[in-house]
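In what comes next, subunit A is part of two complexes: it sits with subunit B in the first one and with subunit C in the second one.
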Partner chain A sequence: MVSWPHWIIVAIIMPMAGAVLTPIVSRKNDKAAPVWALFIMSLTSLAALFLIVRVAQEGPFSYLVGGWARPYGIELHFDEFSASIGIICLIGWLALLFSYHYVAESIPKPRIPYYYTLVLLNLTGMIGFVMTGDLFNLYVFMEILSLSAYALVAVSGERVAEMAAFKYLVMGAVSSLIILFSIGLLYAVTGSLNMADISTRLAGIESRLPVMLALAGMAMALMVKAAIFPLHIWLPDAHAIAPSPVSAILSGLVVKTGVFGLLRVYQIFYGAGTYELAGLNTTLIWLGAISIIMGAFFAIFQEDIKMMLAYSTISNVGYIVMGLGLASQYGIIGATVHIFNHALIKATLFLGAGALMYKTGYRTLTDLRGVGKAMPLTSMAMSIGAISIVGIPPTAGFLCKWYIALGAFQAGQPAFGFALVFGALFIFIYYIRMVNSFYFQPPTHPEILEVGEAPVSMLFPVLLLAALCLVMGILGRIPLSFIEPAVTRMLGG
Partner chain B sequence: MKKALVAALLILAAIPLLLAVSELPPHGSASNATYTHVSAYYLEHGAEEAGAENIITDVILNYRGFDTNGEVTVIFTALAAVLAVLLLGDASTATEDKPSHSVSVVVSFIVRLLAPFIAMFAVYVIINGHISPGGGFQGGTILGALAIVLTLVLGEDEARRLLPERPKPWLQAAAPLTFIGIGLAGLTDTGFYLGFPTAEALSWIRTMWLLAIEIGIGVGGAAIIASIFWTMEAER
Partner chain C sequence: MIEALWVNLDYAASVVLFLIGLYAVIAKDNLIKKFMGLNIMETAIFAFIVALGVVDGGDAPIMGEGARAPFTNPIPQALILTGIVVAVSTTALALSLIIRIYRQCGTIEADELREME
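Presenting the complex of A and B:
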């Protein structure tokens, strides 16, 4: 079962076909769209599970689309990093379930089937993005996921949402263009689009300037996608104003594709072996550190709970990018695992915030005072999310941040280890504000005490994710040791 | 001041770009990697093993067919994005009280006279893409443009009849669905997604499959272009 070679293509084709069929399935019955999308994602998750088991058993494997040998056709390549398909399926599935009631009330009715179409397309794009071994194919999947993400921000139809989506679209489109240009440069000097093939051929290239420009272009454009300071300006509005399940997908998964792209670029250049990457590494470390501090700093002043969460994403992507830039074993392991853990934590928080907004109709910390008594389970889940994101020991956030800090020492840059701790302190302050307003302050609106918990379709994803935040804190070693061989291989060249 | 600053920044950004481009291998040089590596293989083997005499068609539909599979999904995503952002809360009241365009009799007559020929040309481009430049994307665009021109001349209600409600979502999804269908057929036949039969005796199957994909792309592209135009028109 596990060794059937076609699971990798099933994992892409299943959500793709499911997405284009959604408008047809839901033509007679509106309620069919969410059920159909959940069904499709369940099957996709099954394929993902087999793929992850296979990579754990036998290591990285490839699939040749159309049967054409590399580099003439397109190669899908599944390595340990591609196992992020697991978190994509998990968060995607839970966000779809959460959407069932949430979207029915917040989006105009004729748009609902297309909402589910776009979510499935977005997940298709991300799944393809993490599994492809071809640079242009990577770009194609990036377009699917970016285009659907822009539209999902605007789907509620409010004027601010459309403005936020437009800002996102402009930044995103320019960065996509730069990536395409960089891919063109790499093709011009190597004559190939296959990542592994480019990596081997780059070693013998004489004219270095085009290659360095391609590297710089891709790094910069991917930093826009990852919302690294000062290229983050599109993120807070887009993530805060989008419907909450979309925010969970955008903050938990979509920004990470920028980081994931950086990881792939690093794999190509480490593989080539003859390129000096110290400049890029230093840039990433510094920008990562600045993002940690600035994201946390802005988050402190936010009244709007989703705005605060959005700024917190900038901080956390900063951690990941810093870990990558440190270029040490521990740093990169911590960074890749933080991609996974932060997705869990941020999805908990955004879905929890969505549940609060759905029941109370309020979204600022002042308005939400006292909600801890009214919605105890949701508030508890969000508090667990808050402790996890600060990185307090028994939770998911601790181990990966610890690894990134160790990575800073391993790379001989202890100062950045302290920047990381300092950032965590900041983060602690604003999450304490949230917990404080939920539990320890008299309600601004007394009627808030009357509301009950959200429906099960919303409560279940929040509680499951919060439980996973705790479980991943205790079983945190598993992802760390899972990813280790891939990182060793990458750094070893 | 602001303009001068922007100009200065643009020049500053242009310098490294131009420097890098000037170092690229020159066009036409025999050692240029873009001629010697992957594309050399396509030129040598494309015509006989990929199924189309036109090498471009071989590359986009066969060797790198999966990319095109993704690209048609991008186009479908564009449609889903437009519908998700622009569809109105209540679809039934959207079309009333539209000021009708007044189009000159001459223009209207010429467009209606030319319409079947334009449609014929679109079909020609789609089917002939197999052996010459052209194909589903180009032909589909011509067909979509025809739908737009007819909307301007005949009015929206009349033109919308070109795309009946029942098959509409199927036609909009035609391109990705054909790709997935052919891909799965290839999987059962050759053991690879989007694999085309390689045996010499089966070359007609290869040709038929490529043609099916071209038609799927053409029909899907036209339906999407027309739908996007009508949705934006209703919004105006």
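Presenting the complex of A and C:
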């Protein structure tokens, strides 16, 4: 069962076909769309589970699409990093469940099937992105996920939603073009599109200039996708205005694809072995550190709860990029595990914020005062999320930040370890503000005390994710030791 | 220097085209003009990648009667075919967003929109 070779292609085709079929399935009955989407995502998760079990048992494996031998055909390559398909399926499934009631109120009825189509397409793009071993295929999946993400930002129909989506689209499209240009350059010098093959061929390339240009272009464009500090301007509006389940997907997963792309680029260049990457590493460390501080700094001044969470994403992606740039064993392990843990934490917080907005209709911290008494479970889950994201043990955020700090010491750059702790302090300040206004301040609107908990379809994902934040803190060794062989292989060349 | 430019005239032309597009994206206020700039950038990149595969005096790589080497590399063309499909979808999405911005705000000038926010 587990060793059936075709699960990897099923995991891509299933959500893609499901997405296209959603409007047809729900033609007669518009209640059918969410059920169908959940059904498709469940089957995809099953395939993902088999893939993860297989990679844990056998190590990395490849799948040749259509049986064409590499490097001529498209190769799907599943390694330990690709196991992030698990978190994509988990967050995707929970966000779809959360959408059931949330979207029914915030989106006009005839458009609801198209919303589910877009979410499924977005998940398809990400699933393909983490599993592909072909550089051009990577670009195609990136475009699938980016285009559906632009449309999902606009879907809420709020006043500035289209403007935010357009801003996101222009930034995203320019960065995609630069990635395409870099892929073209790499193809020109190596004559191959297969990542592993490019990696071998790059070692013997005489003219370094086009290769370095391609590396710079890719790194910069992926930093736009990952919203690293000076390139982040599209993120706060887009993530704050999108419907809450979409925000959870965008902030937890879509932003990470930029970081994941950087990881893949590093794999190619570490594999080639003969390239000097110190310049890029230093850039990433510095930009990561600046992102941590600036993201946290802006977040302190936000009144809107989702705006605050959006800025917090910028500082957390800063942690991941810094860990990657440190290029030490601990740093990269911490960064990859933080991709996973931050997705859990940020999904908890965004879905929780969505539940609060759904029940109370307010979205600023002042308006939401006293909600802790009205919606105790949701508020508790959000407090757990807040504690996790600051990195207080024994929660999910602690271990990976600890590892990144260790990585800074291992790389001989202890100053950045302190920058990390300093950033955590900033983050602590604004999450304390959130917890404070939930529990310890008299309500601005007394009627807020009357609202009850959100429906089960919204409460369950929030509570489950909050529980996972705690569990991953206690069982944190599992992802760390799971990813370790992949990182060793990557650094060892 | 000049000679290198002349030999690689096609690459140089794509770079110039790319910069023209980038200028329009950054400097123009009208959203449609901004997006046209983006389309120009797309064309520049497409032209660049297709030019990568060109061989002087190369033939179309179709096997059969009368096929003779050298052949033009078909892979960049196949890639750009996909790239064009992506560009068309991006354009469709962007134009529909612009229409909705116009319906809601009554303008598509970025500076006026910024004032309304």
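Convention: the second predicted complex is superposed on the first by the 493 of 493 C-alpha atoms of A that agree within 3 Å, B and C clash if a C-alpha of one lies under 4 Å from a C-alpha of the other, contacts with A are read in each partner's own complex, and residues count from 1 in each chain.
By our rule, contacts are C-beta pairs under 8 Å (C-beta built on N, C-alpha and C of every residue); 3 or more make two chains touch, one makes a residue touch a chain.
Note that the structure is predicted; figures quoted are calculated from it, not measured.
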item	value
If touched residues of subunit A are counted for subunit B and for subunit C, the larger one	B
Contacts of A:31 with subunit B and subunit C, given as first, second, both or neither	neither
Which of subunit B and subunit C A:173 touches, first, second, both or neither	second
Which superposed partner A:373 touches (first subunit B, second subunit C, both, neither)	neither
Touching partner for A:163 - first (subunit B), second (subunit C), both, neither	second
Touching partner for A:188 - first (subunit B), second (subunit C), both, neither	both
Touching partner for A:154 - first (subunit B), second (subunit C), both, neither	both
Which of subunit B and subunit C A:213 touches, first, second, both or neither	first
Common ground on subunit A, meaning residues reached by subunit C in one complex and by subunit B in the other	136, 140, 143, 147, 150-151, 154, 162, 165, 187-188, 193
Partner subunit C, residues of subunit A touching it in the complex	136, 140, 143, 147, 150-151, 154, 159-160, 162-163, 165-166, 169-170, 173-174, 176-177, 180-181, 184, 187-188, 193
Residue ranges of subunit C touching subunit A (in the complex, touch as defined)	22, 25, 31, 34-35, 38, 41-42, 45, 48-49, 52, 75-76, 79, 82-83, 86, 89-90, 93-94, 97-98, 100-101, 104-105, 113, 117
Residues of subunit B defined as touching subunit A within the complex	16-17, 19-21, 23-25, 32-39, 41-42, 62-67, 70-71, 73-74, 76-78, 80-85, 87-89, 91, 169-170, 172-173, 176-177, 180, 183-184, 186-187, 190-196, 198
Contacting residues of subunit A [partner subunit B, same complex]	6, 9, 13, 16-17, 19-21, 23-24, 27, 63-68, 71-74, 108-111, 114-115, 117-118, 121, 124, 128, 134, 136-137, 140-141, 143-144, 147-148, 150-152, 154-155, 157, 162, 165, 185, 187-193, 201, 207, 209-210, 212-213
